[in-house]
Amino acid sequence: MLYFVNDYSEGVHEKILQHLIDTNMEQLAGYGMDHYCESAKEKIKKACGCEDAEVFLLTGGTQTNQIVIDTLLQPYEGVVAAQTGHVSTHEAGAIEFTGHKVLELPQKDGKICAADLQKLAERFYGDENHEHMVFPGMVYISHPTEYGTLYSRKELEELSAVCREYKMPLYLDGARLIYGIAAAETDVTLQDIAELCDVFYIGGTKAGALCGEAVVFTGDSMPKHFLTRVKQHGALLAKGRLVGVQFDALFTDELYKEIGRNAIETAAVLKKGLQEKGYRFLLESPTNQQFIILEDTRLEELRKDVQFSFWEKTDASHTAVRFATSWATRMEDVQKLLYLL
Amino acid sequence: MLYFVNDYSEGVHEKILQHLIDTNMEQLAGYGMDHYCESAKEKIKKACGCEDAEVFLLTGGTQTNQIVIDTLLQPYEGVVAAQTGHVSTHEAGAIEFTGHKVLELPQKDGKICAADLQKLAERFYGDENHEHMVFPGMVYISHPTEYGTLYSRKELEELSAVCREYKMPLYLDGARLIYGIAAAETDVTLQDIAELCDVFYIGGTKAGALCGEAVVFTGDSMPKHFLTRVKQHGALLAKGRLVGVQFDALFTDELYKEIGRNAIETAAVLKKGLQEKGYRFLLESPTNQQFIILEDTRLEELRKDVQFSFWEKTDASHTAVRFATSWATRMEDVQKLLYLL
Amino acid sequence: MLYFVNDYSEGVHEKILQHLIDTNMEQLAGYGMDHYCESAKEKIKKACGCEDAEVFLLTGGTQTNQIVIDTLLQPYEGVVAAQTGHVSTHEAGAIEFTGHKVLELPQKDGKICAADLQKLAERFYGDENHEHMVFPGMVYISHPTEYGTLYSRKELEELSAVCREYKMPLYLDGARLIYGIAAAETDVTLQDIAELCDVFYIGGTKAGALCGEAVVFTGDSMPKHFLTRVKQHGALLAKGRLVGVQFDALFTDELYKEIGRNAIETAAVLKKGLQEKGYRFLLESPTNQQFIILEDTRLEELRKDVQFSFWEKTDASHTAVRFATSWATRMEDVQKLLYLL
Amino acid sequence: MLYFVNDYSEGVHEKILQHLIDTNMEQLAGYGMDHYCESAKEKIKKACGCEDAEVFLLTGGTQTNQIVIDTLLQPYEGVVAAQTGHVSTHEAGAIEFTGHKVLELPQKDGKICAADLQKLAERFYGDENHEHMVFPGMVYISHPTEYGTLYSRKELEELSAVCREYKMPLYLDGARLIYGIAAAETDVTLQDIAELCDVFYIGGTKAGALCGEAVVFTGDSMPKHFLTRVKQHGALLAKGRLVGVQFDALFTDELYKEIGRNAIETAAVLKKGLQEKGYRFLLESPTNQQFIILEDTRLEELRKDVQFSFWEKTDASHTAVRFATSWATRMEDVQKLLYLL
């Protein structure tokens, strides 16, 4: 059986595992107060080119989205997101659970555009008659998006400009960020993101860690008493070292780039192979998630040998499916998959 | 420097670590749907002697308390707990965050008693005039308590009887449960707990795992669509294997008993040594947490060589402090500590 | 100055006021336990043709929507509503405040259709893979809608059928219900609504009362301990009589029909007049809210003599505006308005 | 049957009723934007001697407590209150519903003292180790208390001083405030309260209005976008005039003082009569609530002729009961009650 079902099927990258093994019996302070957390944060800030940022390590993606959004928003504010945004659709209402509305914008290939955001902000903040409505208080984007697509530097600049004009913090969900910055076609770097976003997170879970997401608050955007609020959300790990040691390894000798590269290279070979075989793509993705449209009969047959994700029905007899590569994908498995297809 | 500050200073027990290493590159389903989670659950149910229970693996203690309490209670109900209960004092309001009141009962050595619970239940459910008050909907106890003390089998039976009379589920916070069942003086087994409680959790974080708590719903007490509610709380790990593999190891060849034994044996030597040296105890604890009262000058001196926990001021010049042992405590360090004291 | 800005500009209908005056010095039990509340509930049940319903009196519309939806839904469920539904747009996030998502459906003239609802329900409940999404737990419609339009009996039947198939309670927001049932074109009666909906409310505030909405739970849909939950939401009036006496008057000698008739008759004259003068309507409304599209210059001029509601910009130089009639609208004021227009 | 069960058994004081009648057909703006609300606010500010305050009119007491506390607190903060405080005991968990813990202090005759508050604040804010606990963010007192007792000017000054030292806003629940300032024994005026508290409310419901509470934010303590948050809590009345007109009347020609006087004078006669007859008091109350301890057999007998409130069992055969007077109590009924007793 070949696995292309997602990018979190294996455990942890061997270099991260080794760091966990090496540091295992050290006696460390709890709740993220240890020196590995400290070291990880410093390395992340350096890689992002923003020494004055504040970094906080959390455990999972939905948890991170929930806490960042809930703590950045005022109670009367909601978060603007694409209709296809993860927070809009696949987090079981975790945002609403904390009392906030997700204000949906139309999307194209998983992305929102500055013009739509501008229109929404103008309509709301343009005059003074909206006290009975939810205030758009911040903006959520994912990069790569849920469809594997990427914002260009220019698109990010435009979104950031609208956000700053209306004082709505821009938050980037980077669950798969290291695959985004490793993409061949991208003109967006980690430093660009740190410059243009007010807060973002660098995903660990989908990037070769066992768990863990690193939230980067640029400028002075970190909410007051953030640690207490994390605790209040039930999200403060006693052994904070678990995430600290992993991010310390991920940002040592640019391991995160190495991990990103493998996913992108295997995805590129897969994409090229699929194109050559004439498969129809749901959309153009430059990252580790590739979406093609299969006949349903073909799909059933393929299931016998390969695990992949059902995405959506495109018509009565066709289905869009996703193949994902990762840090752990072996080129020989891609070749096998192409052979099967 | 000697470490007796808590029972989660080191990483993970070597046997658990080895299991993580051995299974690392297996490709597994996400969100706890893998066979290690399955195997861990089966072993736990067997160890608890209740094959019809349902087990769910979560990440941390406050998270577990928050989710179990929030999902078991109706919105108009609160949870009854000791004034010193972890949910009452040290979880940053995580219970109230989900809309529920903690209804406090007086405590003795960290424990509540059936008589007080009976009185509260009678007062509330005895007549029909309490619609303007919070309904006592379930009961929370910790075992061992925050003071290291243990309920006797008889005490548990009495609490359980009141709970069942008034249909208030009894929930036991077992963050340190494996130390409780390993205590020499206890007459309470894992099976007793499964029999007398409606839900409880077996702590992993403080018992040699990197993270993880196993919630056991006995009978049919598991709330509907529990997985969705865990997701909604931001607490569903993508790589559920991280906790599954660890609990699979903890419940293989009774590793949890071995871990408990080391903590209890080192604590017993420490306790005996402290008694012989004439130290005053805050209270009598049969488990891995020992509380003594020190003169403040003595305390400051000791800090140079030992890490331990400040507990509370007992008077103007004295302080209660805690020494904790664990699966990782070496007998030679206990000897060194006794020498220093 | 002429007032057509809304249907709650005046105080209270004279017959309701008289009842308040007549009963003022009676000493009555608090919290809705008095005999006027009882009498009002009985009369409402009779008018609805459902003697086994349960009626609860609340104070305002958003409050009613918030409480009914929050108490009917399970915590993991959201409410399905039109994109233009009041709960989606103009309640400042009151639904999300209680932890629930509003799941939006497309709308036409403010209405949703059974086909769209069926599609949503099928997609969600059709297979078992949606544990990471918000469950559609109930359906919200308004009748009349925010655009003054009405569902036909057939449309309601179809919606109700889908709701019952998928066990999603159908909730009808009747803030202006008495204007809906008074409309000349409608084939929907109060009894139809009681038969087809699981819960609905009959608005008082916009129907000649000072405040108050009567929630009707048909069948056995009333949530357990509802009074406590109303109290917990901060919505239980000490002097419940205030609402009880008003609804007692509203449902004595069919006063609610008389009130509805005046609003509909004045609106009909206004509508006919506007049609004759060639005004463009935003949509066809058979009730007390009429929407026309004005040139912006015309609009500014009109403001000097008439109060009406801005609705939305339709293009760069035109605006949709709303004229509302009510129980208190005098025919002579309609004539004056038509003269001005 | 004589009614001494509470102070909200009748409708509305005749002068307030007259004002409602006189203004009934005026066409006014909704949501509290009318000139009666404006006028009421101005008169209240003047009576309080703080022209720069902001006043907001709400509907009920629990609603007011919930909204004021929720909007003044940061999400990681709780409210300090007496164990007997209304928010602690009889609001069905309305405070916890919004995510905040009630941090209880011991009480004497329903009052907390500055020394206890100081101790709590010192313990929490004295050092930096409390990130896992709920921050004490504001202080709630009731005046008169739930037991009819009053703070002295000195006690209020001391509480206020601690609050200001630790930047915890002091909030006074004045559901029965007009009875407190009318008491013969008090040295606390409305102006004193405005000076010493950061926010308080003047109750209307228990003071002769049909409903309504006037929240006074002194200084600049009113939370941002308060109207939106009131709407979000489901508490914004469409016909805000209902409360505006009533408070306008209450503060015209000092009607609130006249109302207070009647309650206090009738209570004084009742108290003196009870003392003379040798009844045992639960505590000494200078306001309109009088608590005596009756033998249970005596109590049952009395129930045939008088309505009063059960308060609490004091021992196996005795019960504390409450008699309340109000603006509407007639002296002849007091005489009749004394005759019966």
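Things to note:
The chains carry the letters A, B, C and D, assigned in the order they are written, with residues numbered from 1 in each.
One rule holds for everything that comes next: contacts are C-beta pairs under 8 Å (C-beta built on N, C-alpha and C of every residue); 3 or more make two chains touch, one makes a residue touch a chain.
Just so you know, these numbers come straight off a predicted model, no measurement behind them.
The interface holding more C-beta pairs in contact, when A-C is weighed against A-B, is A-B. Chain centres computed from CA atoms place D at the largest separation from chain A. Once the centre of each chain is set as its mean CA position, chain A and chain D turn out to be 50 Å apart.
Remark: chain A and chain C have CA centroids separated by 42 Å (rounded to whole angstrom). One finds 34 Å separating the Cα centroids of chain A and chain B.
With touch defined as above, residues shared between interfaces to two or more other chains in chain A number as follows: 75-76, 91-93, 97, 99, 131-132, 228-229, 231-232. Residues 70-71, 74-76, 99, 131-132, 135, 224-225, 227-229, 231-232 of chain C are the ones that touch chain B when the two sit in their complex. Looking at the complex, you find that chain D touches chain B at residues 75-76, 78, 89-93, 96-102, 104, 129, 131-134, 310.
Contacts from chain D toward chain C in the complex involve residues 3, 6, 8-12, 14, 17, 20-21, 23-30, 59-67, 91-94, 97, 205-206, 210-211, 228-229, 231-239, 241-242, 328.
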